[in-house]
Amino acid sequence: MFPWVDGFHWTVMHVVFLTIFGLVLLTVLATFAWSLFRTASDLRSHRAAEVCWHNNFSQLPEAERHCRHEFSGRVIHRVCPNAFDCQHCDMYEAFAAMPAPALRHNPGVGYSDQLLYHRGHTWVQPNEDGTFAIGLDEFAQHLIGQPDAVKLPRKGSAIQHDGIAWRITKNGREIRVRAPLDGTILATGGPQSPWYLRVKPNGAVDLRHLLQGPEVAGWLESEMDRLQIQLRTPGSEPALADGGMLMPELMEALPGADWDEVLSATFLDA
Amino acid sequence: MSDLAIVDRRFIARGEERSSTLKFALWLTPWIALLAFGLYAAFLCLYYGLNQTNMDNRFAFGLWIFADLSVIAMGAGAFFTGFLVYILKQEELKPVLNSAVVVGLVCYSGAVGVLMVDVGQPLRAWFTFWHPNTHSMLTEVTFCISTYLMILILEYLPVLLRNRQLQKIPSFLVFEHQFHKLVPVLAAVGAFLSFFHQGSLGGLYGVLRGRPFAFREHFAIWPTTFFLFILSAIAVGPSFLLLVVATVETVTGKKLVEESVLRKLGFISGILLGVYVAAKSIDTIVWLNITSPSVGFAPWEYYAYKPFGSAILFSEIVLLGLLPAFLLIFPKTRARRGWLVFAAVLTCGGVLLNRFVLTVQTLALPTLAFDDFLKYIPSWQEVATFGAVVAYGVIVYSLSYRYLPLFGHSKGEDKHVSVG
Amino acid sequence: MSARYGMVIDLDRCTGCGACMVACAAENNVPPLPPRATDRTGLTPMLVHKVNNGVEGAGRREAFIPIACMHCANETPCVSVCPQQAVEVDKATGIVMQIPQRCLGCRYCMTACPYHARYFNWWDPSWPPGMEKTLNPGVATRMRGVVEKCNLCHARLHTAMEKAAAAGKKEIDMADYVPACVEACPTNAIQFGDLANSEDAASQAAHSPDAFRLLARLGTEPKIYYKSRQAWVRALAERSPNGHPTEAQHV
């Protein structure tokens, strides 16, 4: 191919053939390189969390995509088409304007009217100084029990809404807990503290996607129903018992259950 | 569930039903055994030399070349389905696109693997890139197939990255998301390359003026076999894909795609097969009456040797060409799964027979006036090596089916199809 | 120099003794093959075929046809198909050259050759102890997995060229360039010369009315001619028109 290779003669055919081949190769490598470049820029600009979340959401079964307005009774049945992204939902205003019927829910697990809840079972508490405390809700706590290990983000690092905030290890399983909002970590706590993270938000905060008040009860009741079905003895018929309280240390109490399935559904993970 | 089963389950997408870890292991075992045995046979050939085969100076091409050509023809479903979906916008074929990519990857990588054992000096394979001979069809084949294999690997990447655990790595998922947008470009390039190498594989035989049985008239620099191979490849590709999907549905006991998708594949295959049969018939008539006699080779002579009588030609064009074309085109037969699969099998058989005729029969036939008609039976090493390719294909497909979203999600929403 | 070296083989003189085959093997360092090699896996750049006129009984006639590379002059089949240009036609001599170090061993050239003049190294070459003393130092041995064929004893051409250059001459003396098979033939059945030179005896013999080339209708323009006064031998040039090819055995 090169002038010094003995016996090789360049002809028009060679130029044509190798040019076409070169173009093809270039195109293929360019698509690969371009994708790598775009990936790097996405990762740098923190768009990765959004991409990953949309992918996870698309894999959730229909039964785990209840629109939050079901829980407040504003709609009987609606599957969320929007990755739980109430901020960019064109139906949100219409729903929010509707009156909420007075429903009585008895979820069997505790919650607080003062806290705002994320669908991934974390709660958010606004502080007076504009920062937020983030913790794990009672449902998740009773499920997991005492964690074997917790991996918290570093102080000063950023978390993205619907990205991974912290990880909990229990019985050889890693649970990825989702962040309820965007922000920078000011302080970290843990299972022994009243909160897991103290966060400074990025600019103005829109927390409409978080659940609060009576709709939380509706949501937790729906979660309890799901839990009962998922934890039933294999082969038995599904039954939804009313009443009763969720016991703590469930992973210890029921070691043989399909915890991968339960935890994936609870924490909205693959 | 045992610990192993629990870990195994983690790699299977949520909501997907797959057989138990034990059952899957049992399914894989005989294929792994076949693969191991075939790899041993290949090792013998690489270590001791090609005297381990039954090829000789008269049968310079044998089972492996025939197998390579057949497998590449059937793997044409990969590029052609991609072309249909991304360029011709046939969206209803999307559900089988991921399968097509896996089939294509397995076919091409298997063919290249066997080629590396088939040549006398595999380490010199890169010489073709360093000293390309633009007059040789084989140079064209080498360039195109290596690039196309690269494309198939790249197209498989997004499918792989959507594995339940792999997608938890953010950089992988974001890369898949970005790469997925450019897959139509790869599909177009793949179609361009495939057009040329499927054709050049046919051209390999059509240019052999020393073998009038194979030699054909030329259009510019390309013999008619160039175009016939492209036609037969795009005819058999959808049929083979149909067979693969139907087999997977039978083995797993699940309905993986709408019946209309398989019928559409069959219909496309049937139409193209019909065109191919027409073109081949004209080509055969010209060859028998003009091309071959003009160099002193009487055509009926070719079929004077049993068992390769004219029944072979009849089988290739009518029994395994015209007949399945009819079955696939007519709605009544196409609507029944049994007939559809039967017709697809016949189509594959016809293309296999065509590749066999051009490789083995060409070499068996005498050229010099005092030559004999020769026989060749592959050695066990050759058969085992080919068996390894089949086993490799089944294993890769099985693993892909179990751990990757080949057919989208069976729960009905968001059938996210990665590639083309 | 622009010669077109070729041969005219007189089939009426060939006795089928096989001396040309042995001389070729010795000159070209062809290794002895293991016992399980057959006539179809052997390395015989020169191979003598035995032919007959298809008649049984008193009318039977037999002859021998030595076949080596024909050094085809027109659209040489093996040259155009080699993917890595391991085969080339030497413009100065018309010899079809094989480059073993570049050969991949794909054997495409072997399928292209209608004369079956190409042979593959199916085994690693090995010589029994002591036999390495018989090796010809002017010819490189080949490795396993490559194709080889007759190259008109190109090493002897080189020797002739060196001799001519040493004597300050531009053209070689044809007496210095005699391929091994030509030299060994006891009946002088093989005439070797420059077919482009009208004064060359071989060139003149090639124009004789009894001369023919095998499969000339394929259009490859072989440079190995054959000669016979027997019509049935000349008829073997093309595929038999009545569809009953005479059977061949190799010597």
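To keep things simple, chains are lettered A, B and C as they appear, and every chain counts its residues starting from 1.
Keep in mind that, in the parts below, a residue touches a chain if its C-beta (ideal position, glycine included) is under 8 Å from a C-beta of that chain, and two chains touch if they have at least 3 such contacts.
Everything numeric here is computed off the predicted structure, so don't read it as measured data.
Enquirer: Going by C-alpha centres, which chain is most central here?
Expert: B
Enquirer: Decide which interface, A-B or B-C, involves more C-beta pairs in contact, and give its chain pair.
Expert: B-C
Enquirer: Using mean CA coordinates as chain centres, what's the gap between subunit A and subunit C in Å?
Expert: Averaging C-alpha atoms per chain gives centres 77 Å apart.
Enquirer: Report, in whole Å, the distance between the mean C-alpha point of subunit A and the mean C-alpha point of subunit B.
Expert: Subunit A and subunit B have C-alpha centres separated by 42 Å.
Enquirer: By the touch rule stated above, which residues of subunit B touch at least two different other chains?
Expert: 130-132, 135
Enquirer: Going by the contact rule already set, what residues in subunit A reach two or more other chains?
Expert: 8, in rising order.
Enquirer: If you look at subunit C, which of its residues touch at least two other chains?
Expert: Residues 85 of subunit C touch two or more partner chains.
Enquirer: For the complex, give me every residue of subunit B touching subunit A.
Expert: Listed in rising order, the residues are 6, 9-10, 13-15, 129-132, 134-135, 140, 143, 147, 150-151, 154, 164-165, 167-168, 170-171, 173-175, 177-179, 181-182, 185-186, 189, 192-193, 409, 411-414, 416.
Enquirer: Can you name the residues of subunit C that touch subunit B in the complex?
Expert: 34, 36-38, 40-42, 49, 51, 65, 67, 75, 77, 79-86, 102-108, 110-116, 118-124, 143-147, 214-215, 217-220, 235-241, 243, 245-248
Enquirer: Which subunit B residues qualify as touching subunit C in the complex?
Expert: Those in contact with subunit C are residues 49-51, 56-61, 118-121, 124-125, 127-128, 130-133, 135-139, 141-142, 204, 207-212, 294-298, 300-301, 304, 362-363, 366-372, 374.
Enquirer: Over in the complex, which subunit A residues touch subunit B? Could you list them?
Expert: Spelled out, the residues of subunit A in touch with subunit B are 1, 5, 8, 11, 13-14, 17-18, 21, 24-25, 27-28, 31-32, 34-36, 38-39, 42-43, 47-49, 51-52, 55, 58-59, 61-62, 176, 260-261, 264-265, 269-270.
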